[in-house]
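Letters are used for the chains, namely A, B, C and D, taken in the order the chains are written, and counting of residues starts over at 1 for each.
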Amino acid sequence: MSAILSRALTGSRTGLLVVLALLVALFAVGAFVSDRFATTGNILNVYEQSTGLALVSLGQTLTVLTGGIDLSVGSVVSLLSMLTSGLIDGRAEMVVPVLAGVLALGTLIGALNGGLIVATGVHPLIVTLGTGAIVQGIALLYGLGPVGGVPLEFDVFAYGTFAGGLSIGATIALTLFLLVSFFLNNTRTGRRIYAVGDDAHAADLMGLPRRRILVGVYAASGFFAALTAIYLVSRFSAGQPYTGANYTLASITPVVVGGTMLTGGRGGVIGTLLGVYLVSLLNNMLNFLDISSHYQLVVQGLVIILAVSVYVEKQRGLA
Amino acid sequence: MLMLKGIAKGFPGVRALNDVDFEARSGEIHALVGENGAGKSTLTRVIAGVHQPDAGTITFDGQPTVWKGPGDAKRHGVHVIYQEFVLFPHLSVAENIFIGHERRNRLGLIDHRRTRADAKALLERFGIDIDPRSRVRDLSVADQQMVEIAKALIHDVKLLILDEPTAVISGREVDVLFERLRRLRDAGVAIVYISHRLEEIFALCDRVTVLKDGGFVASRPIGDVTRDQLIALMVGRNLAELFPTRRGPKTPGAVVVEARDIDVPGRVRGASIALRAGEITGLAGMVGAGRSELALALFGALKKTGGEVFVDGRPVDIGSPRRAIELGIGLVTEDRKGQGLAMLLDVAANVSASTLPEFTRSGLFDHRREATVADEAIASFRIACRGPGTPVAVMSGGNQQKVIVARWARTSTRLLILDEPTRGVDVGAKTEIYRIMQELADRGVAILMISSELPEIVGMSERVVVMREGVVTGELGPGEITEEAVVELATRRMAG
Amino acid sequence: MAKPLDAALAPAPFRQHLSRYGILIFLLAVLAVGGLAAPGFLSGANVSNMLLQFAPLGIVVIGQTFVILVRGLDLSVASVMATAAVTATAFNGVNADVPFVFATAIAIGMAVGLVNGLLVTRRRVSPFLATLATMIVLQGARTAWTQGAPSGNVPPLFRTIGAGTFNGIPYNIVFLVAVAILAAVALHRSAFGRRVFITGGNPVTAHLVGIRSDLVTLLAYVVSGACAALAGLVLAGFVGVVDNFVGRGFELDSIVAAVVGGIALSGGKGTVAGALTGAAILVAISNLVVMLGLPVQMQIILKGVVIIVAASFYVKRGR
Amino acid sequence: GPYEGAPRTFLFNPAQEICFKDTSQYKKEGPYVIGFSNAGLGDSWRVVMQHSVIKAAAEHKDKIKQLIVTDAGHDDAKQVADIQDLISRQVDLLLVSANTEQALDPAISRAMQRGIPVVMVDRRIASDNFISFVTASDTMMGRLFAQWIVEKLNGQGNVIMLAGQAGSSPNEIRTRAAMQVFNQHPGIKILDTVYSDWSPVKGKQVMQAAISKYGREINAVWSAHGLQTPGSIEAFIEAGWKDGEIPPHTTSDVNGPLQLALQHKVPMLEVGYPPAMGGVGIDVALKVLDGQTVPCIYEINSQIATTDGDETASIRRDLPISEMVVPNGPADMLVTGGMGPDYNPTTYSVDYPR
């Protein structure tokens, strides 16, 4: 465990330190302002609330690590959330097959993204913008409002807790982060994801399977989007056509705040996890500080700028 | 081990290889030589499966072979140390060495400890003192090159190709490398060694093949050729022909630009140089000596932390290329594509780039005048293209270089700095560029030519300044300029 | 002989024309097919209607073009549009306000562009993040200013500008044409435009030939901000009322239009005419979907398909 | 003058047993902390509604120690988190206007399970897991709008449904109720249902598309609220419809459509859905915390207005639109706002307990 952490730390040391510092600072401010803020109850509350963002940013981190981006996640989450509740439609016996199907479909859509990216050579931003639009259109063809429903017990993913009040969903997300972090640091493919993002041309010359890695990474992003969709259905009891829309851009914030560079090759999912906690804690704290929602946006934007401009590398040489 | 027959390979604008035959045998170090742009690297890439040849056959290990990609060739034991770095700057040294061949434990997971230990052992065998955990981007260029070399040697190599491996290393590191290569040869590995340093060829190799302008010239046992013969094979004519003799005024003019005690952190220490009107000054030294940095500092493109620059004897503050251009200084950079040209734009736009205000009439851009000027440049520099509207991306390297020179020749340039002006440029264009440099000098422009090619330095310069490790080690005036003298200064250890 | 094959490799005139006019041909094809398939598509009234919708998008796309040409991206345009629209109602809603409204809105747009430009050039924040952050901040500032939903009247003159027509020709097209001419002159007929293309084509070269590429980049963002503000005013006049919906979706639509119109995301390549053609294609396709009686969801789906196809067309050309 | 009586649905529904809830289990000593989770401030109606909540809290400073307002920006996920945060801050009662009726259901049901009383205002959740829903009867609005259109068209004609935000309860309930009416008239054809998200801007865009598609086939526009109605009328005007030709429209609360109706002779029915219900939400909340019995659905009264000559057999007006309109007022003014004559939404501020 500590080995994993220390490996992760060498990946993006400054990144993690920055987020950690911000987390601590926020926490201190919150605790200073409200005595209810730093309670176990509220911390567990923030932990629980981080789940959705955590799941979707986990996949996004992988695409960003390769120097890409997945702007289709919002639409994919929306479509799959609708399929989840629409196909289950309240029937307990449908839960398992539908979940399996939705996870598979998410992975497939992601793989298609990756396939298009390697086949056309078009920048991932454009490709996923396009596929995102297509998927959103399909979601709206499927329904304009909430569809179907799920059995009551389905909400355990989102609202269920272990003894002690530890959210089940958030703990699953945390576990996935640790697994993916372990994967990135300790498997061949994991290290090659970094290599591909670091220098695609060198990766080609080294004979690394760059195309396969890209397809895999976008497939993973699709998979985690599917998981996010399932989580949202659990939280909201039904899928809706715009339920994931906010995640498209929101999923990028924790990634970059956590020290993963949009240029690829640097960073890691532990930074993203901390970024997710930072965003969740920030939202929670702004609610505790009675800061009007208008200014909440202002603060969020400023935090992005603050965090991101710390990472900016010192310019070397020309230009 | 490897046999190539009739290999051809073209790129947009260039025929890089044309009907080339080549053979590499086990237990032999085979030198591949030729001028810049002769096609050596391209041949390497064909052998390594990076490029598919347009024509010709590859026979490897007795089997006719078509590589599916670099990975395929690698799996068959073909390893290349490319001319450019193939490193992942943000991965550790150890990881870079083993990427693609990761050290794994029984669970199939990466064995970080073994990766580090093996890397350390490997580096130690090279006598390089690098922490395998450090990120590659934090290493010096020479250390990066050593990592590149070490990387190739972890494999079960059958054929090892090294494309100018010594370009950025020197002295002891070269010795270590040679010693390794000899041992590999003795172990039955086929080695192809590419270098511009002829003394290396003679010291290390068993056989030499010469390429010229993309074509096969000759292949000989090293004992069968002399240095002069080899040069003649490579160049295909007398050096005297290559470097046109000055006809213009020989008397150097006044000092136009003088730099005193220039410091660039980590790159240049206390360098001084004086450049005179109408004189071609060569700036020589090994790669990495800091010549480019000195030039960039003179041009205001790199921050200097110490020293002074004088133009016409008056101290000036050159804080940016903009200011340098105002003062009449121009720079042809060493990296044509990366720094010199806007590749998507056409010839006219690239020529006019540094003097845009000249083409502005009452706020509007005068395209007609620009075209006229570009036409003149095309004519006087003999730039081969379809006209001012030709995108530079489709042009050959030599013509691209002429476009950049034309850009600076047009302005009220008083000092023109050319950094490796003939790198990757074919012979014809090379002579052209030499001619242009001389014409400019005849017009009274001070020329500073940075070059790593000794013949060029010796053949073109009227004065040579030599640098080593950021320090100016000496200056040679007319009559003193010989290859030996330059090499002596370029490798001289300075006290302190 | 490594002799230049420049002449031999010069693209044949047909191919050359295809790559230059391909996008125009595509637009004409859409119009022709539309005219055949949907009676009324090319009717005066419908064309007038399309032109009316074309103007605001066209104006934003022009600004976006400047930014993309210098290797940037402006996600804040929609937020600027909404803010400009709010400005239109901020005074007394009478014609006498019009000069103030114009001045204020354009000033806000330019200020946002300035901040974007400074973040990108001084702090070296990636354009995506910089403009994302200003988008969020501005959104917060705007809602704080309006206390939620904007209210108040748009001066009647704006109504005429934004929605009025003269013999079927919308007045707002006049603005578009004016901006387009200015932009085309600036980009293709002035030294500034040259600096834009060189900066986008190769920032290092730009620096080395004495171009203040940071300044050029900064100005590109300022232009984009100003265009977005103008478009916001035109759109406010078009709809007559202002709410938080003004401008929504324009950030991505303007990028899509620019890319479809051949503006390379890698910078330094494209024309104002191309970008406008791209925007026209989007408007025409959306309208055609309606005229053909297809489900409106098809608009989004087709947008997705068109951007992927167009982008891969340009990548192939570029090779 | 306008109708001042009790809600008609309350009076005229003999079949309906009115449900009441005993809230004695929630009785508490004051002063209270009340959390108001607003779906968002996406339209001007919602801004006034929120102000009305704040105003009511200011008027009850003696009983309310603190009113904590959160705004989810019309994001379900944010609203769920807001509600959880309010619970974490240990509010005594939650006043909620739910962004969408399904998505917020689990979160609110859980709050109730944990013993926190929830009063809903304007937008409810799908289940009945709350104490009381303060509204002005979405069902009635939907039906009256539909019935009026049926009678205006004499049972024959084509209708565009100009809906609000998909998934929000006012939209869903009003649409459902309207369809119950329309479905009984085979001569009525629904050409299309389009969504405006309560935005005049988007309303105009979608109506432009609908007009391009159906042209003069459109005989009436059923609009779920007045926010988007001006967008629709504008679209007709721009598409070339002359004064007196624009099909009948329905509307609520907003000044702009009333002005347009008079100016361009558009037959119009207005059924109010007053944003003042926000303040009523606070009143109901205080009753709950006092342990009083409250109706499960707390309907406040809406008045009915039509343009002259556009009353129908079933729809009788309380006042003509010409009397309701504020001729020189801003188009987006809420004429049913109940916030007093000097009210200006952009500058409104009041000293409420926070």
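Methods note: a residue touches a chain if its C-beta (ideal position, glycine included) is under 8 Å from a C-beta of that chain, and two chains touch if they have at least 3 such contacts.
Predicted model only: the values in this text are computed from it and were never measured.
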| item | value |
| --- | --- |
| Per Cα centroids, the chain farthest from subunit D | B |
| Separation of subunit C from subunit D, taking each centre as the mean of its C-alpha atoms, in whole Å | 36 |
| Whole-Å gap separating subunit B and subunit C, where each centre is the average of the chain's CA atoms | 43 |
| Rounded Å distance between subunit B and subunit D, as computed from the means of their C-alpha atoms | 74 |
| Contacts with two or more other chains, residues of subunit C listed in rising order | 143, 147-148, 204, 207-208 |
| In subunit B, residues with contacts to at least two other chains | 301, 339 |
| Two or more partner chains touched - positions in subunit D | 41, 71 |
| Pairs of chains, among all present, that meet the touch criterion | A-B, A-C, A-D, B-C, C-D |
| Subunit C residues touching subunit A - in the complex, by the definition given at the top | 75, 119, 123-126, 128-130, 132-141, 143-144, 147-148, 203-204, 207-208, 213, 252, 255-256, 259, 265-266, 295, 297-301, 303-308, 311-312, 315, 319 |
| Of all residues in subunit C, those that touch subunit D in their complex | 40, 45-46, 49, 52-53, 93, 143, 145-153, 163, 235, 239-246, 248, 287, 290-291, 293, 296 |
| Touch list for subunit C against partner subunit B, complex | 1-7, 9-10, 185, 189-191, 193-195, 197-198, 201-202, 204-212, 264, 268-269 |
| Contact set on subunit A toward subunit D in their complex | 34, 36, 39, 41-42, 45, 48-49, 52, 144-146, 149, 155, 158-159, 232, 235-238, 240-241, 243, 246, 280, 283-284, 287-288, 290, 292-293, 297 |
| Subunit A - residues contacting subunit B, complex | 7, 10, 185-188, 190-192, 194-195, 198-199, 202-209, 265-266, 317-318 |
